[in-house]
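The data blocks that follow each hold one structure.
After this come two complexes, each holding subunit A, first together with subunit B and then together with subunit C.
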Partner chain A sequence: MEINRKKMSYLNIKNVIKNYNNEDNIIKNLSLKVEKGEFLVIVGPSGCGKSTLLRMIAGLEDINSGEIEINGKIINNVPPADRNIAMVFQNYALYPHMNVEKNLSYGLKNRKIPKAEIATRVKDISKLLQIEDLLKRKPSELSGGQRQRVAMGRAIIREPKIFLFDEPLSNLDAKLRTQMRIEIRKLHDKLKITSVYVTHDQIEAMTLADRIVVLNSGIIEQVGTPDEIYHEPQSLFVSKFMGTPPMNIFKSKVYDNVANLFGKEMKLDRNINDNEVYIGIRPEDIYLEPIENSIKIEINIDMVEKLGSESLIYANIDNHNFIVKTNEKINKSLKSLYVYIKNEKMYLFSAKDEKLIKKQ
Partner chain B sequence: MKNTFSSKLFSHIVLILASLMFLLPVWVIVASSTHSPETIVNNGLQFFTGHNFINTYKSILFENSGYTKNVTAFRMILNSFIMAMGFAVGKVIISSMAAYAIVYFRFKLATFLFWLIFLTLLLPIQVRIVPSFEVLADLHLLNSYTGLIIPLIASATGTFFFRQYFKSVPEELLEAAKMDGANSWHFFIDILMPLSKTMSAALFIVMFIVGWNQYLWPIMMTTDPQYSTILLGIKEIYQSNFEGTYLPEFNRAFAMTTLALIIPVLMVLFFQRLFVKGLVDGDK
Partner chain C sequence: MKKVQFNNKFIPYLFVSPQIIIILVFFIWPSIMAIYYSFVMQDAFGVSTQFVWFQNYKDALLNSDYYSSFGFTLIFSTLVTFFSLGTGLFLAHKTNSMIKSRGIYRTLLMWPYALAPAVVGLMASFFFNQSHGDVYHFLNQLGWKFDPTSDPFSAQAMLVFIASWKQVSVNFIFFLSGLQGIPKSVLEASFIDCKSNSKRFWTIIFPLLAPTTFFLFITNITYSFFDTFGMIDTTTRGTPMGETKTLAYKIYQDGFLGADIGGSSAQSVILMLFVLIITIFQFKYLEKKVHY
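Moving on, here comes the complex of A and B:
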């Protein structure tokens, strides 16, 4: 199954607003373009509207205003079946009374595709997804991972313009999730079907995505490559949301570009117009060895978690929780420790609008 | 309760006794039907089978009898079967479709209509028998299978059960089917009905028995003996036994009763196997 670039589709969402029953808007004037063959991942906390957005693209949910286009054609009023979009549901939604083969071919049958062609496609797809031996089984006789594969097969077999995934891996155990994640990405590299993938698992987002969209209560916080999202978070929300363990955030008064970090003064390398900022430091950007241009802070260790190659130190200073990630060996009985933090490695966010204050 | 030998024994004895209580009268009827009328009149009900089986059953099944001597038991069983079948199949179809409309087409009056349908539970056929009769008489449907079946088909109970079942079917299934290009008819036929086959079968068998046992409606509806049902046949044969000046032919009456039992029993036995299979398949 080779798919050429010309056949690939793009999706354009323009100023979409959505609410249920005339209550508050769930999606607030959202615009987003998904490029040809792109794998776009939408992340955000529970209830931020990810599924709603996906279901609007699929046509399962009406939109209140705005436009959704596929390849430049407005599809607002096109019914789901005619949009040529396929969706993989969180609980798979396989037809329980049909065997795998019938599950795969049901959509094709409804589209009046000739029997011979259906048979060929079922064969191709089941080979691609390694479910050839399962064709005669019912969904209840499959493992979670196998059901997942069948659900994907059912979507791929229609050769859709766009592929939607709504947290497809969240019902699987950790190991299987990692494995399926890799398979989904491999599959995408092979088929290059424009895909929108919703998850609240940031590792999934980071590993799968060409670009990530961070959604926060119906508003896009940031769109960017995984690297951009991780290294250049544009808002406090994104910085807190992406990264495990999460970024350490402190509030600090600023006077004349000098911040106060737990009693230590530090000259900031950015121009601050407010008298207060949020300071963010990633756990892995905290050093245990002295380095130049850094300040030295004593932390009280609550707990040390060994993860094999690295350790997480859960600590506190002045009742602020503080996490340090390090490759060095840490003695578990240690009660306190000096750490070094560096201005360059800090993210500064305005205390007013919680947006990033850029380096000059 | 401990599952000791004595408790097992006890429960088995209770079960066996209860079964006997139900089965004995039936058996006495079956056994008595195989004796000659004289034996029954002289010696009362019989516990063991006699030698008149073939004679009695052959005559009752295939020779005209009844008031006007122009209908066979075979014909009456056929009529009962057609009525019960139409009744049960019709109920399953109508109530599943009504429930489908109520659950999946969220039109404005759906809830109201559902309760309206539910209210008809309070109006069994006995209550509406006169107007129903009027309507069918005007439509010239007296003495017809259509007239026997149609007025009884609407089923609040069936609609209720299907509604509850459909509500438990996950929403995603509908959405997946929509994306797979299924229209509402496809979804109903390809997905909902196969899913609810165990329930449909249960409803069907219960309704079949109810339909088989319909008495009041057929007696009102049919004046032509060709449309008479087996239950009417039983009533008639007992009646003539008591009115006639001949020797009462209780063997024939018992044979008629036995025949009236056979079809429902066969249906239950047959469908019981389907149920068990449906339950074991357990794909919900």
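Moving on, here comes the complex of A and C:
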């Protein structure tokens, strides 16, 4: 019973279609369920419709067809202020003429919450986000990180049922971004508010998410935990999109389950019905020492990048780019290298529909 | 920004000299002349000139005409500023919320701006004319005994109306561009925080327009003080019973029609001081509140 209730979907998006000005559909018949208390991250390349989807949940954008439910109630025609959602915008969207305190309390005042309670909440939230000393300042007198905190505060203070984030960290520098990312996750673990977080930064997605949705031109490519998305990408698109450095991909002809990799024949451990596949190998799955059941390939090194504990080798074979990630010490002046790749570490995708060919 | 350094101390002055000359010839010199004339008395032909200290000021300030003109100017400029700002803001807000044909409205509403105040006055004298003015008859049919030639209130109302009408288009354009300068995401955030349209307007949009409103407030007051001169001259000419005389128009009448150069100069100087004080006050107290 308990498990059942936990798994109840809280936000339910059903067959939603969206276009602007009757042009091509931006969101194409999309269905998605978000569970109560879940942190869901939507990733995808620029222009794939992430913000559009989020703004439809917020009510800032109309839906052409389909339904959005929150807690079992269809909210298609409910105005944004009545949806019990809060949104954190990419450029923070703080009210420039109000000081931090007023920015925080504005939404509460409009909801006729008693003054005393507003004051307590402002106090609690500003303590939680460490912005107590900034309450009397205007947004223009804050740093980017501080504005970010205030924007978070303005969303949290409403105690919404759903949190919507639209790339909230993309205007921060790398260090602050990492720090805020950790804080957002900590905050979520504390408050357990259902969250939908949009980003095109896959590291953010991997570290923050309970589940990740990979969106590609208005269509969901895959939904899964960060581990599933990384280790079991269901399509070529997902495999290319997730992972830094990205997966190495080659096209290969297949005959009788034997592929041809740069002149070397390799018996595949999967049944291939096509005569062509995409072969994907993650940079960290390439070995520099001989191992069993592998084939040996010579690569020409273009550049070696040392990242401290590990190195990235940028190389090419027959003009195909090839990236290797290794923990071993590499001599920077090295011109070429033998590497070993194993069939079982390979991802195979059909050349026709670009879907994963599963292992038996 | 890099500062340009001149070796010769005078070159910078040379560059700004055209501005300085214009200001000297067209602003400073007339002001000085006005101050000079305000202290002297001349006979009607300008033959003899006599220095009279503050006699002209005394005459002006002791004259009850002066106060009724002063009162009319205050009420007139307050009403014109209020109506033209209000209407301009209303139209800009409506136009800004439109998705289609915004451009057409913008263009059409811009047109009155191209008219000179005197032309607006001429047009008004046709519309409000007793013998063939449509507005005249319309207002009388409504039951208002509207007659700008004999009833001071009618004349004042007419002037307030046409002076506001003329200024609406400028205010409209400035407000529209001010509205378009409000970031979309700030508006969206307010949609989530506030359900009521009117409350959102007064708590978010209007305060964010404050710099525009402040600027327009000052220009509208100045406009109703001085630029309405041509309108008055082509419509009421201060009639009936001198009840539609703004200070600027009274100065003109006293000086050029009444040939009282000293008296009208004294009034000019008082008006100058008055406007100066208003402007300083506005910048000092209001401007602090409008910037964020």
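Just so it is clear, the second predicted complex is superposed on the first by the 351 of 360 C-alpha atoms of A that agree within 3 Å, B and C clash if a C-alpha of one lies under 4 Å from a C-alpha of the other, contacts with A are read in each partner's own complex, and residues count from 1 in each chain.
Just so we're on the same page, a residue touches a chain if its C-beta (ideal position, glycine included) is under 8 Å from a C-beta of that chain, and two chains touch if they have at least 3 such contacts.
This one's a predicted model, so the numbers in the text were calculated from it and none came from an experiment.
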item	value
Combined model on subunit A where subunit B meets subunit C, clash or fit	clash
Touched partner set for A:230, first subunit B, second subunit C, both or neither	neither
Touching partner for A:95 - first (subunit B), second (subunit C), both, neither	both
Subunit B versus subunit C as contact partner of A:340, first or second or both or neither	neither
A:107 touches, of subunit B and subunit C: first, second, both or neither?	both
Which of subunit B and subunit C A:10 touches, first, second, both or neither	neither
Touching partner for A:314 - first (subunit B), second (subunit C), both, neither	neither
Contact residues of subunit A, present in both the subunit B and the subunit C interface	55, 58, 60, 79-81, 85-87, 89-91, 93-97, 106-107, 110, 138, 140, 154, 158
Partner subunit A, residues of subunit B touching it in the complex	170, 172-173, 175-183, 186, 190-191, 194-195, 197, 282-284
Complex contact set, residues of subunit A against subunit B	55, 58, 60, 79-81, 85-87, 89-91, 93-98, 106-107, 110-111, 138-140, 154, 158
For the subunit A and subunit C complex, residues of the former touching the latter	55, 58-60, 79-82, 85-87, 89-91, 93-97, 106-107, 110, 138, 140, 154, 158
Residue ranges of subunit C in contact with subunit A within the complex	183, 185-186, 188-196, 199, 203-204, 207-208, 210, 292
